[in-house]
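Each chain carries a letter (A, B, C and D) given by its place in the written order, and its residues are counted from 1.
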Amino acid sequence: MEIKRVGFVGLGIMGAPMAANLLKAGFALTVWNRTPSRMEPLTKAGAAAADSPAGVAAASEVTITCVSDSADVEEVMLGPGGVIEGAPVGSIAIDCSTIAPPVARGVHDALAARGVAMLDAPVSGGDAGAKAGTLAIMVGGDERVFERCRPIFEAMGKTIVHVGPAGSGQVVKACNQVAGGLNLLAMAEAIALARGAGVDPAKMLEVVSSGAAGSWMLANLGPRAIRGDFAPGFMVELMQKDLRIVQQTADGVHLPLPGTALVQQLFRVLEAQGRGRDGTQALVDALAHLAGPLPAPGD
Amino acid sequence: MEIKRVGFVGLGIMGAPMAANLLKAGFALTVWNRTPSRMEPLTKAGAAAADSPAGVAAASEVTITCVSDSADVEEVMLGPGGVIEGAPVGSIAIDCSTIAPPVARGVHDALAARGVAMLDAPVSGGDAGAKAGTLAIMVGGDERVFERCRPIFEAMGKTIVHVGPAGSGQVVKACNQVAGGLNLLAMAEAIALARGAGVDPAKMLEVVSSGAAGSWMLANLGPRAIRGDFAPGFMVELMQKDLRIVQQTADGVHLPLPGTALVQQLFRVLEAQGRGRDGTQALVDALAHLAGPLPAPGD
Amino acid sequence: MEIKRVGFVGLGIMGAPMAANLLKAGFALTVWNRTPSRMEPLTKAGAAAADSPAGVAAASEVTITCVSDSADVEEVMLGPGGVIEGAPVGSIAIDCSTIAPPVARGVHDALAARGVAMLDAPVSGGDAGAKAGTLAIMVGGDERVFERCRPIFEAMGKTIVHVGPAGSGQVVKACNQVAGGLNLLAMAEAIALARGAGVDPAKMLEVVSSGAAGSWMLANLGPRAIRGDFAPGFMVELMQKDLRIVQQTADGVHLPLPGTALVQQLFRVLEAQGRGRDGTQALVDALAHLAGPLPAPGD
Amino acid sequence: MEIKRVGFVGLGIMGAPMAANLLKAGFALTVWNRTPSRMEPLTKAGAAAADSPAGVAAASEVTITCVSDSADVEEVMLGPGGVIEGAPVGSIAIDCSTIAPPVARGVHDALAARGVAMLDAPVSGGDAGAKAGTLAIMVGGDERVFERCRPIFEAMGKTIVHVGPAGSGQVVKACNQVAGGLNLLAMAEAIALARGAGVDPAKMLEVVSSGAAGSWMLANLGPRAIRGDFAPGFMVELMQKDLRIVQQTADGVHLPLPGTALVQQLFRVLEAQGRGRDGTQALVDALAHLAGPLPAPGD
């Protein structure tokens, strides 16, 4: 049976445009946000407002959450007034936050015990992708539940892949951040070498981006990095949050990820400068900093 | 004035198809190779054979060299019977090998002192690109000399960029290997995490390749790596040779490249196993090895 | 006024001999342990047994805790039946566990609000040092409180240093593990290089230990490592626990510690082999493993 | 038969005091140095001056060389006017320079072909140790030759160990630099963490130096580092020279040394600041630099 009533909890920089796309796609939408004022644009556009995540869930066949971290997901899903208190047996919860895989599995199991299915469905593509409805969505959980929810995902994203059982979506998101972080380091070291050895980094990017050493980061963030545009697509401090999840996941399975560990340490160079809210392309400055003038002794 | 007579020194896995493409494009070609039998396919197709690099240069307006490393380039360019002994004043030498930038500048200067111009023009794209004539070519040296040689480059490659004065082509090639090496590590760590955390790496590649963490390596070598296909596009031992040039270049300008240094150390794990002639995608096995069973104590 | 009545909570591999030394030094000792049987040797020797940490604290002027991690300290100090429920106003709590500095400060503040002073006093020296009473003890907290407790510390350790306000003891312990971890890596890489280059590592240790590159680890654990004796002085999995605290502490102040991050990743190689309970000198095997034979493809 | 006539080639910061100690010990000394003026103090004290390394060797039973790097050793040993041209059959050459093990073996073999024995005998202990005659000397080569030369070594050093066949001395010196470099990183990261987390690093050093995480570097260079005394015991640029030998040696046997590779990259941070002639304890500033204020964008 086709799903019509969808709920959305967490109307931040990602959640708000994702919810708006659901509304445009014709779903009956109920929303909740901790700061109520952020609900207004959506209620004006036809959404109903609930007074808690439980209220959202009570009104919806599928309730989506999109919040900051593991603790927030546990609270809006399982805490007082949480989804678990309102969700009807047989309904579905989808979490689009990026959190630790074991937490995702824990929430899945707690909801399952109450007859509520859950998918972990972290997204990639930034606020631009959220607005354009072109997100990549990596989904873990029961495959039939995933198939039932496909029209919902298609209203929000473009690359939509079921990657395995509960928690798998979060694992794939962790893999995504591993690859992204190291591709950023590739970009930063290549630019540093070009500059250090006296070659125009723009010329370097022109050749290297087009070949076997090319990447999305090099082609899209490289040019911004070399002209000193550090406006965030994705912020350093959010990357660090995600990389903490990566190390926690890797630690849990005793997997060494030495490159990713190095990336984390280098992003700390930026955080130490108060640049946690710059875009991740600022990593190029962390490398430049290593080769830049030392502060005078005694500073 | 249009260049017609071109020479080619070094008919290896890259040089032979590059020379063949020059012949197809209508240039009058003279060739030389240390192992004479490798000249046969070209002489049968209409090339002339010389008995030394000097002989090639004497017969050519432009002489191209494509050999293994810095010492080989110095020998075929400047050694006994080398290009320098035969090249007419006003002719041009192009070196397509990947070598250390200071060596490229040294050869450039030695030739310049004898009235011979030189371009350093390392290529990227592997033997497949050499055959198809789709190489990326990054060219350092005098810009007017570059423009005169453009038809020659266009017979061999697709992305052709003049990147700066003598040595700049080699610097950009070094940047290319920095980016490529770290993108390979990105691929290897992402696959290791997927496997370690119990997710199908093919599903992971499907999502991650398409987004902001995507790269040529992930899309092209990732699938080969996970099905255990380690046939070389580009061999581990050649990558290591190039990464030594990178560190030498970075060392010369006191530039720290910690990520690239780590990549080199991890490739040694493969070399220690006698897998230096595997393709670089084997890096995924070096990571897997870190998490695999230790040999019994005492082994 | 001289302290006579001391309590001890947590009679594990470290706590039991530390408590025994207090008894030998003439303090009136009250003890508690989660597994009651571990109290017997001490009660037979004259200690009183309480039925909770609160009971210990009620009977003592100074209550010492020595448990596993941050959560355990919070529980025995602040949880139901915890020290906070029994400790008289004006009494002192000392925590000898190794935990995160911010948790130490949090427990300090919670106890202070109830009129109970607290020192964080992690130790170094292993169970051998605990038995011999030769531990190094690094103490954070109020200096006058520290001076009052000095006779207690002197009954358990040899190098006893007040290093700063609350939490400072834990910071210094974190520094100790940073230095220790990297000294172990120094030992492991030096041994690997000797072996790899065909030199007897025992001869190498003989020279290197005596000079400017010498360390306690090299002199004491190096010989064990090369003869394959991996019996724990200090276990890999406890080192990893401590290094997690280090990274958490460094992350909180945005401090990059790239060497320590690498050490953590290499210890994971051992954990992946089920060797988490080996001594930390097993790091030499993680390095050897990198250079050892790869498992056959498909394994 | 007792050795009486000893030659010394290379009277630099290390060689001059080593030669002086031989003179004091009663050996008949012949010397040579590229810059002749540096021979004067020794000739005034009774040494004879030769006009070439060959001249030194012709006058000596044992000729010692102590120069800068591999190329210098090859020149003074095997080049025109080199030791090989003057050394009598049955005489002995000892090289005290720090060079690549394969070069040491190559020189050994070239001399052996002319009936001249050779020991590689790099030293550790700095100019202070050279003056005091307390160097550690690690000797590779034939054991009987070593025993014959023991009185010579005892005139210059204190810890004197025969570590294996030709080249082994240089391997052990490489191991020494691996351990020393990582112990320096241990010192630097421990100090950075103390400072970053607000604890007096002197207090930290006081505790940590005395225990299982202690090292010569921590105890001797730590206090200098924290008070900003960067006068060289051993210079950054010499350490980097030695670490290049280490990587070359490890590369030759396909041995990954990821920690040492990181140390090299961090020393480059200092070299980039023009601090190559500071003492190695300046590594603490490279770490501090990572966490220090970034130059303003555009700088």
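Note that in this section contacts are C-beta pairs under 8 Å (C-beta built on N, C-alpha and C of every residue); 3 or more make two chains touch, one makes a residue touch a chain.
In this text, all values refer to a predicted model and were calculated from it rather than measured experimentally.
**Student:** Return the chains common to the contact lists of chain C and chain D.
**Tutor:** A, B
**Student:** Counting only Cα atoms for the centres, state how far chain A is from chain D in Å.
**Tutor:** From the centre of chain A to the centre of chain D is 52 Å.
**Student:** Can you give the whole-Å distance between the Cα centres of chain A and chain C?
**Tutor:** Each chain reduced to its C-alpha mean, chain A and chain C end up 37 Å apart.
**Student:** Residues of chain C that touch two or more other chains: which are they?
**Tutor:** Only 250, 254-258, 262, 266, 268-269, 272, 290-291 qualify.
**Student:** Think of each chain as a node with edges to the chains it touches; is that a line, ring, star, complete or other?
**Tutor:** Contact pattern: complete, every chain touching every other.
**Student:** Going by the contact rule at the top, pick out the chain D residues touching chain C in the complex.
**Tutor:** Residue list for chain D touching chain C: 101, 124-126, 136, 138, 159, 161-164, 168, 171-172, 174-183, 185-187, 189-194, 196-200, 203-204, 206-208, 210-218, 220, 233-234, 246, 249-250, 253-260, 262-263, 266, 287, 290-291.
**Student:** Note which residues of chain D are touching chain A in the complex, please.
**Tutor:** Chain D residues touching chain A: 228, 230, 258, 268-270, 272-273, 275, 285, 289-295, 297-299.
**Student:** Report the residues of chain A in contact with chain C in the complex, numbered from low to high.
**Tutor:** 240, 244, 250-251, 254-258, 261-262, 264-266, 268-269, 271-272
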